[in-house]
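Worksheet for the structure shown next.
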Amino acid sequence: MRLAELAQHARAELSGSGDVEIDSVTSLADAHPRALVMVGDLRRLPAAEDSAAAALLIGADAPLTRKPALRAGNVRAAFARVLSAIAPRTRPEPGVHRAAVVDASAHIDPTATIGPQAVVDAGAVVGARTLIGSGAVLGARVRIGADCVIYPHVTLYADCVIGDRVIIHSGAVVGSDGFGYAAEDGVHLKIPHLGRVVIEDDVEIGANTAIDRGTLGETRIGRGAKIDNLVQIAHNVTVGPGAVIVAQVGVSGSVRIGEGVVLGGQAGIRDHVTIGPRAAVGGQAGVTKDVPAGAVVSGYPARDHRQALRLDAAVARLPDALERLRALEARLEALERDRTT
Amino acid sequence: MRLAELAQHARAELSGSGDVEIDSVTSLADAHPRALVMVGDLRRLPAAEDSAAAALLIGADAPLTRKPALRAGNVRAAFARVLSAIAPRTRPEPGVHRAAVVDASAHIDPTATIGPQAVVDAGAVVGARTLIGSGAVLGARVRIGADCVIYPHVTLYADCVIGDRVIIHSGAVVGSDGFGYAAEDGVHLKIPHLGRVVIEDDVEIGANTAIDRGTLGETRIGRGAKIDNLVQIAHNVTVGPGAVIVAQVGVSGSVRIGEGVVLGGQAGIRDHVTIGPRAAVGGQAGVTKDVPAGAVVSGYPARDHRQALRLDAAVARLPDALERLRALEARLEALERDRTT
Amino acid sequence: MRLAELAQHARAELSGSGDVEIDSVTSLADAHPRALVMVGDLRRLPAAEDSAAAALLIGADAPLTRKPALRAGNVRAAFARVLSAIAPRTRPEPGVHRAAVVDASAHIDPTATIGPQAVVDAGAVVGARTLIGSGAVLGARVRIGADCVIYPHVTLYADCVIGDRVIIHSGAVVGSDGFGYAAEDGVHLKIPHLGRVVIEDDVEIGANTAIDRGTLGETRIGRGAKIDNLVQIAHNVTVGPGAVIVAQVGVSGSVRIGEGVVLGGQAGIRDHVTIGPRAAVGGQAGVTKDVPAGAVVSGYPARDHRQALRLDAAVARLPDALERLRALEARLEALERDRTT
């Protein structure tokens, strides 16, 4: 692809010749004469100029470059768009693979693709241009919108609802029963889970993530939320639009996560907690109570992040402080002895 | 279903008319004129009385209600029973789906159901009324009892033994090799795992949980234990009857978990540790040594929970204490100077 | 098998009769007259001598035993070899199962086995004697070497490369998209992931582990590395040869893990951190900055392990120290009052 063409895809300004041919985007280390290299950090610009790269992707306010360049206000967004433009298009043929098992009452859009070994149960609906990967399983009455990618081995339990442009990675399980029991005479009586999971448009869900259905109502993942691998979302949780949940986070039952919240990797949220809009929770934090909108918390139990840092610093000084305390006691004792003699 | 009928299922006392028709159980927010609403917290009773709900499920010792009601000593247990009674019965037809692959030497009870794309290897046995979901894989000689539900994409490695009324959610893996190697000349020599996993009656296992087989002997999950999603159970672990293990817990090799133990979400247990019967481990705790029967521990390293709370509170006061320490040093120095002059 | 024969497999010295027949290796508790029992801890030797076991596996420098014995310099390595020798050989027939779906352009070695319900996409290559388990999915152009075991329900995304003698357990996902987005006007723009995952020879990967592909370049798991269950390896991570990663560890994007590193269970590593060769990270540790070669770190934030232990001990004494601090203040005040009167 010509650089000029890429500039249009990237919504970037072209500087230098638009005629150079680009066939891939590489890291600086792997640069070659048909490669575009992103320079996110200007300290790497000299090395990028000296590399074999054909052209650079750089900030709009960076100095002018010797090499042809795409100049963008949001370099990372331009990078995303360039990669989208350059990614190979290997859309599989529409249609149902002969080795898939699709119930006669399911409705598959003729432009959708159902891969081999997939199973689509009674009453399920698959929208236009959606891909159902090999071996994926769609339970009864599952509804999936248009332009989704459901990777191999995804399991969608009965009655789940998936919006448009949703991506679900392999091994993710959506709609499993919540972890709810009634204790009676030392036995855990199972509470049946009759609710469902609703996943709104433009959500992405990582590999081997588990999202439980509501007990009665819904577990809901808001529009544009992004969930990484191996995350646990318990029953009746609400994840707000645009929230970002990093790998291995655990969200307990009935938690409400506001719009634009960021949960760092391996954080855990106690049940029934509310995380306010645009709050951020540090990696491995343990959130035991509500977090206000816009707050930044970390540590266990999770506290205001600056406070948590202050406590960490104080703890690091603690062995020394204990020494000083002992010394003080000795000195004070000496003074007291002094006084009484 | 008439309320009087539900009362019988719930083992609850009926108050008011038993003739009202109930077609669903809803949250208070979703109540409608054919809905039953549970009132677990009496502060919500006025709102429940004012809602559109047809009837309430409430504690036996609650005040009398204007609406017809089911009154139960154990509200949550009654709730579980009502949901069981009201849940749609969509038992699939018994038999082996034409797109399943079942070895000729396997024994499938004629009342069991084997879903499409499932695989049942040589010598496996599936009991009466058990459901094997789409794409589930049963290794050689696996034995599964009666009335189990094995959801889609479950993998049972060879020789695992599953009791009656066991539920295993999608993506769970039972019987994978333990993580054991012998270090020799800088190489990790694999220790073959020749043991198995035994899962006793009435156990439930969550989505994407992994349970490794024993090296020589067994990994055993005791009767009625409940394991949530994304839990790791290593080789040769014993989980006692009725234990409750919340999502993302990690249990290391040869750990012994007593009867009725509760492990909070994301807790980790070091190898060879014993957790005594009815002990409770807090969320995200790191257990590094044995926990006595009935103890409650939390934090990292895990300590008696009250002690852990005391330490957390003390740490919160630490920056202030360091200030006070510094002030004391200054004042003491002044006194000492005083004395020597 | 005769004990003398096992001695050869184990590369151990035979003491006593080599003619005893061994049909299994058991724990001490399960010993029987055809069993070999490992005595790793000499305190268990008297019990082992008194057990029903036919023979013992013991250290080369242990006292002589009454029972016939295999004596080895590295008992654990000998144990691994004995188990390998004694493990049942149930290699499935080579060939492609009739219920597998293999693209015409894939190349399957005639000695390889492709299980039922497996899917092999266009251009994939499977090496000699490799087993592809039931329902496993190999994306387009995946290359797998010789003598690998890919268990049921493994998903290998397109273009991943797997070496020789690699073992991948059920539910593992290799090659899913990294968790990368460009924020623009409050929307998370997906960064396409065009890289791949390379898994070198002799690696083992646990059940339900997820390994993301590189954004542009590779995510690489070095030769002989061992990864446990439910581990998260993000995009562009490099895991050095012989590294050991215990269950539920989370490794963030672009982390570099050196040769022979050990990461304890549930540890988390912040993105772009480098862990030097042969360093060790404690269970549940949170690593926020580079770790030097050979260092041992633990806690959150991760520190030198001895320092972390010192801080834990100091914190345990903190409530008492706060008492002493208060007492000092009172005594000092008294002295000061004294002085002024």
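Chains: A, B and C, in written order; residue numbering restarts at 1 for each.
The rule is short, and it goes like this: a contact is a pair of C-beta atoms (placed from the backbone, for glycine too) under 8 Å apart; a residue touches a chain by one contact, two chains touch by 3 or more.
Because the structure is predicted, anything quoted here is derived from the model rather than measured.
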Original post:
Should the pattern of chain-chain touching be classed as line, ring, star, complete or other?
Top reply: complete
**OP:** Would you mind working out whether chain B and chain C touch using mostly the same residue numbers, over half shared, or mostly different ones?
**Re:** different
Subject >> Interchain centroid distance [CA atoms averaged], chain B/chain C, Å >> reply: 25
Original post:
Touching two or more other chains, which residues of chain C qualify?
Top reply: 99, 117, 135, 153, 171, 208, 230, 248, 266, 284, 300, 315, 318, 321, 325, 328, 332, 335
Original post:
Within the complex, which stretch of chain A touches chain B?
Top reply: 99, 101, 117, 119, 121, 135, 137, 139-140, 153, 155, 157, 171, 173, 176-177, 179, 181-184, 186-192, 194, 208-210, 212, 216-217, 230, 232, 234, 248, 250, 252, 266, 268, 270, 284, 286, 300-301, 303, 310-311, 314-315, 317-318, 321, 324-325, 328, 331-332, 335, 338
Subject >> List of chain A residues in touch with chain C within their complex >> reply: 24-27, 29-30, 74, 76-77, 79-81, 83-84, 86-87, 90, 97, 99, 115-117, 133-135, 151-153, 167, 169-171, 204, 206-208, 224, 226, 228-230, 242, 244, 246-248, 260, 265-266, 283-284, 299-300, 312, 315-316, 318-319, 321-322, 325, 328-329, 332, 335-336, 339
